[in-house]
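In what comes next, subunit A is part of two complexes: it sits with subunit B in the first one and with subunit C in the second one.
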Partner chain A sequence: MNSAYTPPMQALIDALGRLPGVGPKGAQRIAFHLLKSDSVDVERLAHSITEAKALVRFCDHCFNFSDGPICRICDDDRRDSSMLCVVEESRDVIAIEKTGEFRGRYHVLLGAMNPLEGIGPEQLKIRELLARLDTEGVKEVILCTNPNTEGDVTAMYLARLLKPLGLRITRIASGLPVGGDLEYADELTLGRALEGRREMPG
Partner chain B sequence: MIIQHLELTDFRNYVSAQITLTDGVTAVIGDNGQGKTNLVEALSYLATLKSFRGVPTEAMIRTGADTAVIRATITHVDGREVLIEAELTRTGRNKVLVNKQKLAKSRDLLGVVRTTVFSPQDLNLVQDAPSVRRNFLDDALVALWPKHDALCSEVERVLKQRNALLKQSGGRLSPDIATTLDVWDEKLATHGTQLGDVRAQMLEMLLPQVQEAYVELAELNEDQTPVGMVYAPEWRTQGLARCLSECRNDDVRRGSSTVGPHRDDIELSINGLPARTHASQGEQRTLALALRLAVHRLITTEIGSPPVLILDDVLSELDPHRSAALLRHFPLGQVLITSAGVLPKTAHPDFSVHIAGGTIRED
Partner chain C sequence: MNQYRDKGVVLRTYKLGEADRIIVIMTQDHGKVRAVAKGVRKTKSKIGARLEVLSHVEVLLYKGKGLDTVNQVELIESSAPLHADLDRLTQGLSMLEAVDMISEDRQPSPHVYRMLVGALNALAQQASPLVLAAFYWKLLAAEGVCPQMDKCVTCNSDAPLVAFNMIQGGVQCKECRTGVSMSQSAILLLQQVLGGQLNFALAQAATPATAEITHLATQSMEHHIERRLRSVAMFERG
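Showing the complex of A and B:
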């Protein structure tokens, strides 16, 4: 196909289009924006991408993103080592950290069980999770994988694996958004929220 | 519920067309290949988000165009007016807007518009493979209780994942595969059992309606009940979890799931004999009509107003007795009848539109 763009520009649009959440129109828009911008700004962006890629790595303990061998959360002595929150991705750690409700530690699986994409337990950081349980004095594991098919199955798999170790295993609750209206909730969420109802103190 | 206005852009052979509809019977007349079925296909897409011809979305977009748009204004019994806009794309997701608001999930549209489609292919309900009858039952489920759409797609998803895992096993049941399979089986057992339960419940509600409709359409005596309809997959008596573990070796060797709700059938019979192999063509056609009519009536009673009824080229295939019986026994609301020729006298259309080469001419 004959491209309307010069080759370097087409290459830029193609590269941008491969990013998550960026469609062909979006890629084109970003490319135009970059080419119109100051070269200083563009170089700053290029530099921050290469630098982040060079410096940021996975934490040796929890597989969260980190700028050193051990991430800040794993390195923080004030954190409660008896509670371990298992999540699929680093971005989930950030989401939970923003709540300020959790003072324990994390373990990032780097995915969820998904045979269609060739991801089984061996491709996830499960062996590493088991090793941590032995050495870090964990008493409770909170399974915070996504409440979808793959996340649920991953949680079930981990629960079966960890239950015999005598730990307390919990699953994050699914339910209604705070400040929302019951009538706007979809049936599935509302159903799950009913299932996970709690007794009120009198 | 009445569809008042329909506008098509790049849908099938329509570049741009619109039609104003009213309550009552509208006859859609035109030669073969002019776009009669395409028009009613667009309407039923709004109800089910798929083609009743069982083709992928892509086939509904006009050749040479990237997106097709269906825009419809409907009025509910309580006077509420709703504008629905559906955009079908070749790549990416189809979009649906209700009153200009984007729906988070397009399946939230289910239940806003309801249609019942009769087409010559309905004979497949009796003659074809179990999947056709399974889909018929699931479509009825979703039409009546849209929330079950999520259950159907969850079961489908789990099955896809389980089959992918079975293929990866390469025919050998290693301990790793076995423990992973355990959790997928548990998930499939939970949701599969739920689906089996709601299918059984649906069948129980439908059976008397189908029996009654058949007697009416075939003009039999009221005390006769020749039609039987049985949904009794073996796994439901033994429990899906147990069946899955019993079939595990087989499943691993074949690389696919050999037991579960995705293999269910509904056994149809007339006078105690299997309808597929023993009934005459006429009886089969009547039974297929009775199945559709039963769902139509059930929805009418449960929802309180009849779905838009679409008779796509079916009257031409029925003898005058049966077509008269069919029209007489419908709870009539809005009806669209497509036909290549003149309609039978019993059809009494209130309005006629003529279709030629993707254009609509109203009389």
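Showing the complex of A and C:
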């Protein structure tokens, strides 16, 4: 079947359609939008994509995305080096930073252990984590992996690995979303929320 | 009716698109079913937590052309005790992997479902060193490849048994020995596991014999499914 689009346009739509969350219709809409907009705007978009791809790399310390060898969080002297938050992906760092509750440093594992897929500790940045604990004076490690099977396996594995080092090892709590309704909570989350209840100041 | 209700254990999940998951579930009456669960990766999802692997659930499924769709999920048994301990969790995952490998899509096999539920319950209640091995042996027996444990598998004599041959599928006497050596206590323990004294065998403390049987169980299971078990490889060999 011959395509209704001219070849360059078909190539653009195919490329856009490979992006996450963009289907064939969405790709078509974006392509039409781009072709209609100013060439300056399109140039700017193309430039920002190539520049981001060329400049952004992993931080040598924490494996977060960074524009230099050391990311801004690792480079910031005001942050508390004694607390280290271990997360699965860079986007988790962003999520935690947005809360404004955490002033320590991060370590990105770049994935989670998945026994059923054969993804083990050696595929993650766990050796690098151990090396950091020795040199940076970390007192508490917060395991902020996702509350699903893979995240739980990873957290428990790390806890077992790190416990003998005499550090304080904590796991992020699971509970009810703010603004939610108790009656609509699923029993696993509610169970964990009850388990992790805390004393009220009077 | 295109809708059906069944009980099952979630064996695996795959991410699908932005917020959906494909779940593979071992059901009681419909065998291994693949179904799409919509929106379960969003925090708002009510059923997301119930569709994690190892969950024992009652589901309402809607039959589709290829994949079914999950409509409702109710938890029968929480997998929380398994999720609280690394050893139990990995053993549970190893059970799931073997069941996933052995069972065919949409081939009703209620006995496999019942064994899996039983084994996961046993795992949740008591951390017996033999739960995983016993499950593998029983699963192999149910598949029709139960090893011969009472007489030498090669010459059928009653001579003292000293070894285990995986390819021939049974124990061997000193004369015929071609397989790996096996201690007397391990042979006795495996006879109990397969011969109706399962609960007695499960109550045993960890000994070299239980480790021997566990190792053999994994090897026999891998021999049967003709591939390596990834979840076992990660923790036992590595």
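Please note the rule applied: the second predicted complex is superposed on the first by the 194 of 202 C-alpha atoms of A that agree within 3 Å, B and C clash if a C-alpha of one lies under 4 Å from a C-alpha of the other, contacts with A are read in each partner's own complex, and residues count from 1 in each chain.
Basically, contacts are C-beta pairs under 8 Å (C-beta built on N, C-alpha and C of every residue); 3 or more make two chains touch, one makes a residue touch a chain.
These numbers come from a predicted model, not from an experiment.
J.: With subunit A superposed, do subunit B and subunit C clash or fit?
T.: When both complexes are placed onto subunit A, subunit B and subunit C end up clashing with one another.
J.: Considering only the touch criterion stated at the top, classify A:Q123 as touching first (subunit B), second (subunit C), both, or neither.
T.: Neither partner.
J.: Applying the touch criterion given at the start, work out whether A:T189 contacts subunit B, subunit C, both or neither, answering first, second, both or neither.
T.: Touch partner of A:T189: subunit C, not subunit B.
J.: By residue count, which of the two partners contacts subunit A more extensively, subunit B or subunit C?
T.: Comparing touch counts on subunit A for subunit B and subunit C gives C.
J.: Between subunit B (first) and subunit C (second), which, if any, makes contact with A:Q28: first, second, both or neither?
T.: Once the two structures are laid over each other on A, A:Q28 reaches no partner at all.
J.: Considering only touches as defined above, state whether A:S81 meets subunit B (first), subunit C (second), both or neither.
T.: Neither partner.
J.: I'd like to know which partner A:P20 touches here: subunit B for first, subunit C for second, both or neither.
T.: second
J.: Quick check for you: in the superposed arrangement, does A:P177 touch first (subunit B), second (subunit C), both or neither?
T.: second
J.: With subunit C in view, single out which of the stretches 7-15, 79-87 or 169-177 of subunit B clashes with it after superposition.
T.: 169-177
J.: Both subunit B and subunit C contact which residues of subunit A?
T.: 113, 115-116, 118, 120-122, 149, 152-153, 156-157, 160, 186-188
J.: Which of the residues in subunit C come into contact with subunit A in the complex?
T.: Residues 12, 17-18, 43-44, 46-50, 52-54, 75, 78, 80, 83, 85-86, 89-90, 93-94, 96-97, 100, 230-231, 233-235, 238 of subunit C touch subunit A in their complex.
J.: Considering only the defined contacts, which subunit A positions touch subunit C in the complex?
T.: 20-21, 113, 115-118, 120-122, 148-149, 152-153, 156-157, 159-160, 177, 184, 186-189, 191-192
J.: Would you mind writing out the residues of subunit B in touch with subunit A in their complex?
T.: My answer: residues 92, 105, 108, 147, 150, 154, 157-158, 160-162, 164-165, 168, 176, 179-180, 182-184, 186-187.
J.: Once bound in the complex, which stretches of subunit A touch subunit B?
T.: 23, 113-116, 118, 120-122, 149-150, 152-153, 156-157, 160-161, 186-188
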